[in-house]
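You will see two complexes here that share subunit A, one where it goes with subunit B and one where it goes with subunit C.
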Partner chain A sequence: MLKYLGQRLLYVIPTLLMVSIVSFAIIQLPPGDYLSTYVANLQAKGEQVDPALLESLRQRYGLDDPFIVQYFKWMSGIVLHLDFGHSMEWSRPVGELIAARLPLTIAIAGASIAIVWLVSLPVGVYSAVKQYSIGDYVATTISFLGLATPNFLLALVMMWFGFTMFGLSVSQVNAGTLIIAMIVLGTAGTAGLIRTLRANLLDELRKPYVVAARAQGLKESKLLIKYPLRVAMNPFFSTIGWLLPSLVGGEVIVSTVLNIPTTGPLMLDALLSQDMYLAGSIIMILGVLTVIGTVISDLALAWLDPRVRLGAN
Partner chain B sequence: MTINDDMSWLANSQLSALTRRGFIGIGSASAAGLLLASCTPGDGTGGDSTGGGNGGGTDLREAPDLTKLAEAGDIPPLAERLPNNPLVINTVERAGVYGGTWHTVTNPNDTGWMLQRVTGHTYLVRWDPDFNELIEDAAEEFSMNDDATEATFKLREGIKWSDGEPFTAADVVFAVNDIQGNSEITPNQTMQRVAEAVGDYEVVIRLNPANGLYLQQQAGPGRTLTACPKHYLEQFHKDYNDDVEDLVKQEGAQDWVELIENKGVTEAGRLSNPDLPVLSPWVLTQAAGASGTKVVFSRNPYFWKVDQDGRQLPYIDQVEFNIVGDPEVMVTAASNGEVDMSNRTFNIPRNKPVLAEHRESGDYDFIDMPPTFMNTTVVAFNQTIKDSKRRELYRNKDFRIAVSHAINRQEIIDVVFQRQGEPWQAAPRADSKFYDEEFAKQYTEHDVALAKEHLAKAGVEAGEVTATLMVSNFKPEWVDVAPLLVGHLAEIGITLKIDAVDNTLFNERITANDYDLAIWQGDGGGNDLFQDPRWYFPFNVTNSQFGPLWAEWYVTGGAQGEEPLEPGRKQIELYHEIESTGDPARQDELMKEILQISKEQFYAIGIHLPGDGYGIVKNNFHNVPKVMIDSYYWSGPGPVNPEQFFIED
Partner chain C sequence: MATTLLPDASPDASATTDLKSAKAARSGQLRLIWRRFRKHRLAMIGLVITLFLYLVVIFGDFIAPYGSGEFDADHTYAPPQAIKLVDANGDWGLHVHPLTLEQDPDTLALTFTPDEAQKVELGFFVRGSEYKLLGMISTDVHLFGATDPDARAVHLLGADRNGRDVLSRMIMGTRISMTIGLVGVSLSFVLGIIIGGISGFIGGRTDMVIQRIVEFFMAIPTMPLWLGLAAAIPRDWSPTTRYMLITVVLSFVGWTGLAREVRGRFLSLREEQFVMAARLDGASRPGLMFSEMLPSMMSHLIATATLAIPGMILAETSLSFLGLGLQAPTVSWGVLLQEAQQIRVIATAPWLLLPGLAVVIAVLALNFLGDGLRDAADPYKR
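Entry: the complex of A and B
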């Protein structure tokens, strides 16, 4: 187990380094930079920017420096004093911008994950145990619908419904839009997890050890919870890896559609306007969290499932 | 309590306003109205105020909240807050009532317009509502000397910043000499300006090189001569505060330049610092901050403009911009009646049907917004292209005339532009004082035979020419226009290939002079063409797409690029002459000469004059004109005075 742990942690370091380089490089890939995008946006509206102002901004932001210089400036700031740089669009420190959006982002993601787990666990188990019953068909239909409907569409439809029927205000955050966000995000996650849990549990339920246990007269509920369910729970743990970044990332499209100030729309805007330190930092933070999350879920799986532990040896 | 005092003050101020030469400039159409209004202030408002006390009527002289503050002694009484001679703003429909919040929306990466157009449109001089001439604002009188090297502004006495400190010549001098003239804050010092105060209320600004358009430029967005309160900003300025480094450390800025920029020298600074004193009708009270959901501006108790009855403006208490990322959400919010007035961001043709459908339920209506664009699509052959054979061909006027006649403009208008607008060259609009019908309409009729004739004159045979049309993805319409152009030119034997590119790449290739022909919109069609004559002579590298190298030559003063041909050089000389004369009439004459040459040169091929844009106004939101120009340099609704908008059910 220790060896397994050490190995996993060792892999983290080069991965993080790569993540930081790639996330910074991605931002630099499209032609132009923040200022050229800014100018182009203004020009499309028939507006002009004073060339003298542009020149001074370019110098100030160091946009003409080579890639490697910009990368090291950014990276050393992060490593040495956790300074993610300055957002050009907002003219504020990146860390401050992200921090301001984190509470709401985590609250929404946390609540929707709670909904997902609370709903999908019992429904998934029921669907598997009572396979081909009416309840199973209903759950299956709903979960297929949930899987097939794009989140943003569901959000738009619910928002339209909310504002035509209940006069929901859409230009600012309010309880209504937050509830819609949780329902939308919950539905999507629930649908997927129900399907996975049902399939895994069905596989297990047919295995000989279940038949043997049942033949020996073990109580059905105890049997189910103690053995097959434990194995079928694996997907719950392996999704922890994606959970961390989604807590922080904020659902980009749903948040944008519902106009909720999470980190999602912040990142989208930053990408569109080529605000490189902001976009790069968010992408990197998400990348780092994915890596950490994956490590945690690896460890959790190993703890839960001896097969993973043994396989490592 | 002080009704009598106030009334006598009112009579004085309006009489003095009437005798001023500057007042004439308020707008010729409204002059008569002002005359009437100011003849009867005692009867009209006086009668109301004696029987008044209804709290929210048009008899109040200032917002009730301010009366309370003044009574409590938190701010001085109205008469002391206003200048002796406040600027009188004529309301569009009628005198308004105080109060309410103006709700509107904006895009997170499009915030500068809040100041430029709505809450901060307060300059030394401003455009009249028709965009024809400059009129007084914070400066009562202004003039330019004959060789355009000295601008003189006489400031209105007694204007106060929003913190109650007086606005004087020292503030303008500080803005010119210590902000614009400081090479650390403004590294580019090619435009040298030196300001000198003559007494407390007069400033002379010396310009080197001469700049005949300087006064016009002061009426446009981004001008800061009225936005630099010396008494506040000097504490962040190295030349005024020896201990500025302490403040830099305290605020966590990199250096003093960044500090002063964040405190109010840049637009971002002005949008993030609520402590910055301003001259405008509303003061920033809630910045977007790190969370970025909303920006709120509240009434400036010291605002120095009054309506025709002498009542202090603005009428509206607060302006609230909700920051909305998704354009569809903006449309939904507007349909839902959540936007009181907006002429920006979501008012694109595509959204009009949806907005029209919800006019009743959302309780709003449209206003017309004629743009100052003169063209939706200008086709420009690159006359400075590297390949010498192509260069020769694209410079052949007959070739360009042939292409122009080959284009079926009506088809493009019908198919792509919802039948809005009419065929038009890259020429001034009909509502501009530079309108020339011949220029606008030359070679616009669709005539394939005539086109072939000109092509033969140019010595081109059918099938001989293949060119690549570069199309930016910026306007989705262009992607629809391009294939139609391909078809039209195929009829006269010219093969066009379409190269649709991202807008940033588009700009890079224009700058690199690496394209055959491109399409872009026709800016500078109204009276903004002094400041943006890009389609009339090689003026701007990325935007004069018929000759980027010529433009580079102009912009760099001959250091780079390529010298334009004789007519282009002549135009550049004429423009220099415009810049070195202070006489607007002479400037108009010179501009007409430039345009005459543009007409003969036929640099680029215009397709069509756009139809009018639109804005939305709620039915309980008053005093917004039914027609409002849409232009960056005019910056609506600023020149129609948002401070006199009001809300009343």
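Entry: the complex of A and C
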């Protein structure tokens, strides 16, 4: 287990490094540096720009330095002082802005995963045990629809229903919009997980040991929970690897539609106004958190399933 | 094979029969795939819908009753009109009742009511605005619409904020939305085959490095990455350039799944006897990869590519909806859905959500088609 842990953590380092490089590349992507964009925007509005401020910002980020030097300046700021840079649009430190909104993002993503698990476990088991029953067809149909519907469309439709039926207010965050966000985010993941769980459990139920146990007179419910379900449960942890990235991505859109003050809408605004340090930092933080979440799920999987941790040796 | 071993020998009888039987086996496999595919009912439905959607792509401006930019200021948020077959006098003929606009004096709210006394007759192959069929033939014939070109505009699926026909715009949007997936997948197909091929064929350390890179791309949230890349495209670039760059952005992130599939296939095919035979025959590495191994995995790759298109369509829709993808005047399903961002707008004109239905149908159809292709790709299995 320790060896597996070490190996897995060793792999994380290059991944995190790449996440940071890609995020910084996104900061650098728009033509011209962001200071000139900023100045152009201000001058278009007829405002004056303080040359001293400009010069100090230019110095601080080393905008005249090559890419790699700028990257190291940015990264050392983050690692040493948790300084993610300065948001032009908000004229506040990026770190402060993100810290105010990150908890809600994490809470929504966490709650969505909980919903995904709570719904897909019973439905997936039912679908597999009662294969080709009406309930199975209904579950399969809904999960196909869930995979095919864009997150924001589902959010829009649910918002519309909430608005016309229950007079839901969407001008600010409230319990209604939060619930809609979690349901919407949960749907896509649930759909995928139900399909995986059903397929895995079906494979497992056909194995000879199940027949043997049944022939020995083991009770059907006990038989199911004791062995096949435990084996088929693996995807609950292994899928976090793809569930988390898609949840985090979906959260950006759903929160924007529903007006929930998470990092998602903040990032979108930042991208639209080319407030690149803010946008790049959010992309990086979301990426890093996703990587960490995936590692935790991998470790949980290794702890649960000896095949995984022994396979590493 | 015989001709390669004996380059001087003229193609003799056995070589030609060899060739013939090889051809027969090839078409035989295609027939087997088709036979198996046909049994998959959902996949057949998916195929029919997909073909229909691409017909709409090709003949879009003929099928759409109006051009995507045509507007009618009196028809702001006009509701869908129902087609009637029999009128009040008992006369037959397709028609709709024109809408009359009333304004509530207190709330200033606009309401449309169909004027039962009048009718606008509908017909097929009617004259309307001019366009170029297939981009070449100039014509003004549309599949259906009001028989009298000067009649009030007919909106079978309602109109938007500017009084533009939602049905026509949805049809025109099919063009962009369905092709962007296709172009995007083709690009990631090329990337996936080259990178996955190198990874699976060479193996060893190269394989390890490439796999780490693929894992990295799979581990970071795609949507923020897509958004970040799309935001970097300057706003003032032409629609065509934007379209091309968006497909590049989509495929830049989307090639990983295909690369994995290709790598897995290469790894298992490498041990097959026919590959060994070709290698002993002195085939070069690229020759081995592209003329021996690639064709034998093509059916699987096509299935995987089909399954990748819906993801691209969904991504384009989301990007455009958020305002970072394609932008008006380009019309795609995502751009159309951008109109329906405000809850007030949806409450007054729910039909603006209809392009979303088109997205769901297209994605479902392609998913079923891909599933069927994947099951049929290996006709000898089971």
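Some notes on this structure:
Here is the rule we use: the second predicted complex is superposed on the first by the 266 of 313 C-alpha atoms of A that agree within 3 Å, B and C clash if a C-alpha of one lies under 4 Å from a C-alpha of the other, contacts with A are read in each partner's own complex, and residues count from 1 in each chain.
What we mean here is this: a contact is a pair of C-beta atoms (placed from the backbone, for glycine too) under 8 Å apart; a residue touches a chain by one contact, two chains touch by 3 or more.
These numbers were taken from a predicted model, which means no experiment stands behind them.
By the touch criterion stated above, A:156 is placed in contact with subunit B and with subunit C alike. With both structures placed on the common chain, the touch criterion links A:287 to subunit C but leaves subunit B unconnected.
Within the superposed three-chain model, A:279 lies in touch with subunit C and out of touch with subunit B [touch as defined at top].
When the shared chain is aligned, subunit B comes close enough to touch A:51, but subunit C does not. Applying the stated contact rule after C-alpha superposition, one finds that A:6 touches neither subunit B nor subunit C.
In the superposed model, A:135 lies in contact with neither subunit B nor subunit C. Of the two partner chains placed by the overlay, neither subunit B nor subunit C lies in contact with A:122. Contact with subunit B, but none with subunit C, is seen for A:261 once the two complexes are overlaid on the shared chain.
Look at A:30: by the touch rule set out above, it reaches both subunit B and subunit C.
For the contact definition in use here, the residues of subunit A common to its subunit B contact set and its subunit C contact set are 30-31, 156, 159-160, 163, 170, 256-257, 268, 272.
Of all residues in subunit C, those touching subunit A in their complex are 212, 215-216, 218-229, 231-232, 234, 310, 314, 317-318, 321-324, 337, 340-341, 343, 346-347, 350, 353, 356, 359-360, 363-364, 367.
Residue ranges on subunit A touching subunit C, taken from their complex, read 11, 14-15, 18-19, 22-23, 26, 29-31, 144-145, 147-153, 156-157, 159-160, 163-164, 170, 241-242, 244-246, 248-250, 252-253, 256-257, 267-268, 271-272, 274, 279-280, 282-283, 286-287, 290-291, 294. By the touch rule above, subunit B contacts subunit A in their complex via residues 103, 105, 108-110, 185-188, 190-191, 221-222, 258, 262, 266, 268-269, 272, 288-294, 322, 324-326, 328-330, 332-333, 336, 338-339, 371-373, 474-475, 502-505, 507-508, 521, 523, 531-532, 542-543, 631-632.
Chain contact summary for the complex, subunit A toward subunit B: residues 30-32, 36-37, 39-41, 43-48, 50-52, 55-56, 59-60, 89-92, 96-97, 99-101, 156, 159-160, 163, 167, 169-173, 256-259, 261, 265-266, 268-269, 272-273.
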